[in-house]
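Presented below is the structure to which this report refers.
Which chain is which? They are A, B, C and D, in the order written, and residues in each are numbered from 1.
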Amino acid sequence: MGKVVTAQHRAIVQATMFQLAKSIDDAIAPIVDGCMLVVPREVSGVPMAATRALIRRGVKRLHLVALPTSSMQADLLIGTGSVETLETSAVSLGEFGPAPRFAAAIISGAIKMKDATCPALHAALQASEKGVPFMPLRGLIGSDVLKYRNDWKVIDSPFGNADPIVLLPAIKPDVALIHAPMADQFGNLWIGRQRELATMAHAADKTIATVEKIHEGNLLDDPTLAAGTLPGFYIESIALAERGAWPLGLPDFYVADSDHLAEYARMAATTEGFADYLERYVYERRAA
Amino acid sequence: MNAAPRERNFRDEELLADVIERLIGDVRHVAVGNASPIPATAALLVRERGKGRPYVSLLQSRKHNFFTDGARELFDCAGQGRIDVFFLSGGQIDGQGNVNLVSTGDYAHPKVRFPGSFGSAYLYYVVPKVILFRTEHSRRTLVSRVDFISAPGTSQANVYRSGGPIALVTNRCLFSFANGRFVLTSVHPGHTIDEVVENTGFDFEKPATVPQTPAPSSETLALMREIVAPQLAEVYPQFAMQVFGIGPAAFAR
Amino acid sequence: MGKVVTAQHRAIVQATMFQLAKSIDDAIAPIVDGCMLVVPREVSGVPMAATRALIRRGVKRLHLVALPTSSMQADLLIGTGSVETLETSAVSLGEFGPAPRFAAAIISGAIKMKDATCPALHAALQASEKGVPFMPLRGLIGSDVLKYRNDWKVIDSPFGNADPIVLLPAIKPDVALIHAPMADQFGNLWIGRQRELATMAHAADKTIATVEKIHEGNLLDDPTLAAGTLPGFYIESIALAERGAWPLGLPDFYVADSDHLAEYARMAATTEGFADYLERYVYERRAA
Amino acid sequence: MNAAPRERNFRDEELLADVIERLIGDVRHVAVGNASPIPATAALLVRERGKGRPYVSLLQSRKHNFFTDGARELFDCAGQGRIDVFFLSGGQIDGQGNVNLVSTGDYAHPKVRFPGSFGSAYLYYVVPKVILFRTEHSRRTLVSRVDFISAPGTSQANVYRSGGPIALVTNRCLFSFANGRFVLTSVHPGHTIDEVVENTGFDFEKPATVPQTPAPSSETLALMREIVAPQLAEVYPQFAMQVFGIGPAAFAR
């Protein structure tokens, strides 16, 4: 009994608390058919490699929440029939034009669309972050966005005088799926300025991340790095995925692959072209 | 400002940026959304003249973006009254200042689907100066009544609203917006009042005399081309190349 | 006309946009008598040098909001008669015992106390951050904290079934006063993990900071530093104050001066001792 | 666990930490407030045995604190259901599990003022296992009815509540809390049931037989003294010195 664990041993047992996933496929296993999945906007670290892996696995009936907008990621998932419900403020390929699979699915009625506006999605995620059933938000009154959202309520503010205000029900995703510059072996994730990734992780039941690299040591040990770190107790699994946002960019690390995005926009414009795109870039694992 | 030379020594985009620059005025913080290279040009121009004032946040930029609290900060900041100017476009804009970024036809069975409302259903209410711009001035885009109100031009008196539209800039003219209606304020060089009427799907007020939009001064053009354009290349590389002939090399500047 | 500003010149004119204050006294000028002032908890960077300067200037009738608690800072301001209303969740000297001037002022009725609970203060500041008139919060029902706050309302949640929930009115301070490790010449402030400082700045009309040092260059230029930076457009004024949190600590930079805190606890236990303390450590500027 | 030696080879604080360790059980995240060195000892002990599980957040620590979203994160995290165990004390605690951290006497004209409610009016509702502890077990602290309810022990059925008190640990005994009442669960070595009754201001359930609180095993004491105590010195230097004789030098370890 007198034998006690040494300080050196302690460091080792702590390190075993979190296990990096062996592959992206392993990491995304908790994303089951029919779950509510939240993903970030196109400039916040979009897990494109993980998205391709999800498509290869044949994920179905997702309730996809894009916070607050999406580009190619939502378009791909919609085009492959993985999405049942889409909740976001906009889907667009930006300077490469409209998101063709998104627009086609809306026109054909293939997906259920819950049109929102950016701050409403942020606020609804923050409601789950704070453990409250709803969040108030200004604006919205008189907009058809509100008109078609019968899950949003208007009340008379008890602090005002005939002052109507919208209450948004909390969005509590089953899984947040994100891509970040780095993680450490303790499950801590460096997200930098992309603090909506923290809100997503706080709001979601589970958070799955892919990362560019594994940081040696503990991200929380350095006060400068710690300021941009999401602590490990929010994280379900992490997999290494170098250039995991490709063909999108990862701010401060690499820029988007414009040629590829232009090619996607061109190919995805038709059903056949989209099928060719999937064959070449998703199922072939060329970029995975 | 010097009188503009009579010969046309500027591009449409430069004229529109100049118009928008004057609309921005003396403010503290201008935010520019993702697909707005002309407003971005105007905002950076104001900042050049203001010796660093106002703050200009180009939302897709790293260099010209001061936000560090994630994607929600722009909206929180606007809710705090700290964003003075923002820009909105629309698949449709109507005579009441309503904008449609969602779809045409019946919402449940749309004919054309646009990307979506983005932050318009909030920012339109809380940013004091929202400048509408649409470079396609036609009866298709400027309509009598939008099919979907992403954000309304005006609100009932008891609805909290500290902001809204102040103007609409198109490739043909400048409208100002007041009391729930557009007023034709100036017609751009090379365009006519009749042409504006013919291509506008909504009614608007037409003063007895409508001046021509002044051309950008040579000083403005020089600032825009030599100082502002290189800064645009990071966020709007295609625009910077097409309008100003600025390639990626200038980015490093 | 053809003469255009050079890129080099640009850097210079941008630098002139923000002016560091010449002194702490200059920086705190916007804190006028009767204003609502929000200050951070004892481990987040408490502007003690600025607090002493405020006391020397004779500030009066403050509505002091301590987010969410305070130690010696609130005790000093209360003891000097600077506070009319105190809104916080607790005032204590921690391991050095109760806050004597706070307790005495409550017993004598010298200040108006608005007892709160930590998350309620955070939420009420976040309401101002988001530009909404109120925020909902769980808990509270059945607590006397709620009973004595007639500015807090209970509603039946429109998303529940006989589900009461508390709504807290937004707290919108006139000024946030904080101390941080560093600032740059553009008015950007590095706050690290102390993100309640960001919420305070977002919620307050004006933010005044003292800092340990001035960072060369722009804090926003480095993605790692940027993640912990509060951008300059929230900042009204900044003054240099080395060891500006003394005798409290500044996490990751210096620890609290335990001997001095023990001395404060001892002296502040009586009116006379407190007067001696002020004479020796506040009015004499020994520590300013 | 080995049987404890018959002679008393432990301090009160070590016994209480051992009791609290068992109450914590197998959980994912334990948070410990500012003035709680004994609960901190217990939580770090659980983590040692759990090979790094649970997360232990000592709120005033830098080394044992995983929060990076500011002072609100603990509360948000608890609201999300991610904090399994928290500890509360109180100037007064009553038989219904109500805690008073504010004042005695009339709230408007108090006799004694305590620091304030801290986060109790929230955390008591949403943390599944709240462990009350009060090292002064007297009729002054354990009262029939608190003068101010910082946080109530129970709530009406329709009030959202996912947490609450599970036990009260004092220097004399351990009470468990269920169905709105305290039950005497064990009496610490060197103390008696009669003494507990005499010094408790509230009624509580007393089973026919009340066991003695087991003494900490030698393995527990070794872990506590050799591994846990040095980790405490950062946040609770005075406690670490007084109880374990650990000076500031151990901090660097």
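As a working rule, a contact is a pair of C-beta atoms (placed from the backbone, for glycine too) under 8 Å apart; a residue touches a chain by one contact, two chains touch by 3 or more.
Everything numeric in this text was worked out from a predicted model, so none of it was measured.
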Shortest chain-hopping distance from subunit B out to subunit D: 2
C-D against A-D, pair bridged by the larger set of C-beta contacts: C-D
Whole-Å gap separating subunit A and subunit C, where each centre is the average of the chain's CA atoms: 34
Approximate Å spacing (C-alpha centroids) for the pair subunit C, subunit D: 30
Chain centre separation (subunit B, subunit C; CA means) in Å: 39
Contacts with 2+ other chains: residues of subunit B: 67-69, 75-76, 79, 126
Residues of subunit A touching at least two other chains: 123, 130-132, 137-138, 163, 165, 193, 198, 226-228, 251-252
Every chain pair meeting the contact rule: A-B, A-C, A-D, B-C, C-D
Residue numbers on subunit A that touch subunit B, as the complex places them: 40-41, 43-44, 67-69, 88-92, 94-95, 98-99, 102-103, 106-107, 109, 115-120, 122-123, 126, 137-148, 162-165, 193-199, 251-252
Residues on subunit C engaged by subunit A in the complex (per definition of touch): 123, 130-138, 153, 155, 157-160, 163, 165, 167, 169, 191-193, 223-228, 251-252
Complex contacts: residues of subunit C adjacent to subunit B: 1-2, 4-5, 7, 10, 13-17, 128-132, 188, 198, 202-203, 220, 226-234
Contacting residues of subunit B [partner subunit A, same complex]: 34-35, 60, 62, 67-73, 75-76, 79, 101-103, 107, 109-126, 148-152, 155-156, 158-160, 236, 238
Residue ranges of subunit D in contact with subunit A within the complex: 2, 28-29, 48, 51-53, 55, 66-69, 75-82, 126, 217-219, 222-223, 226-227, 253
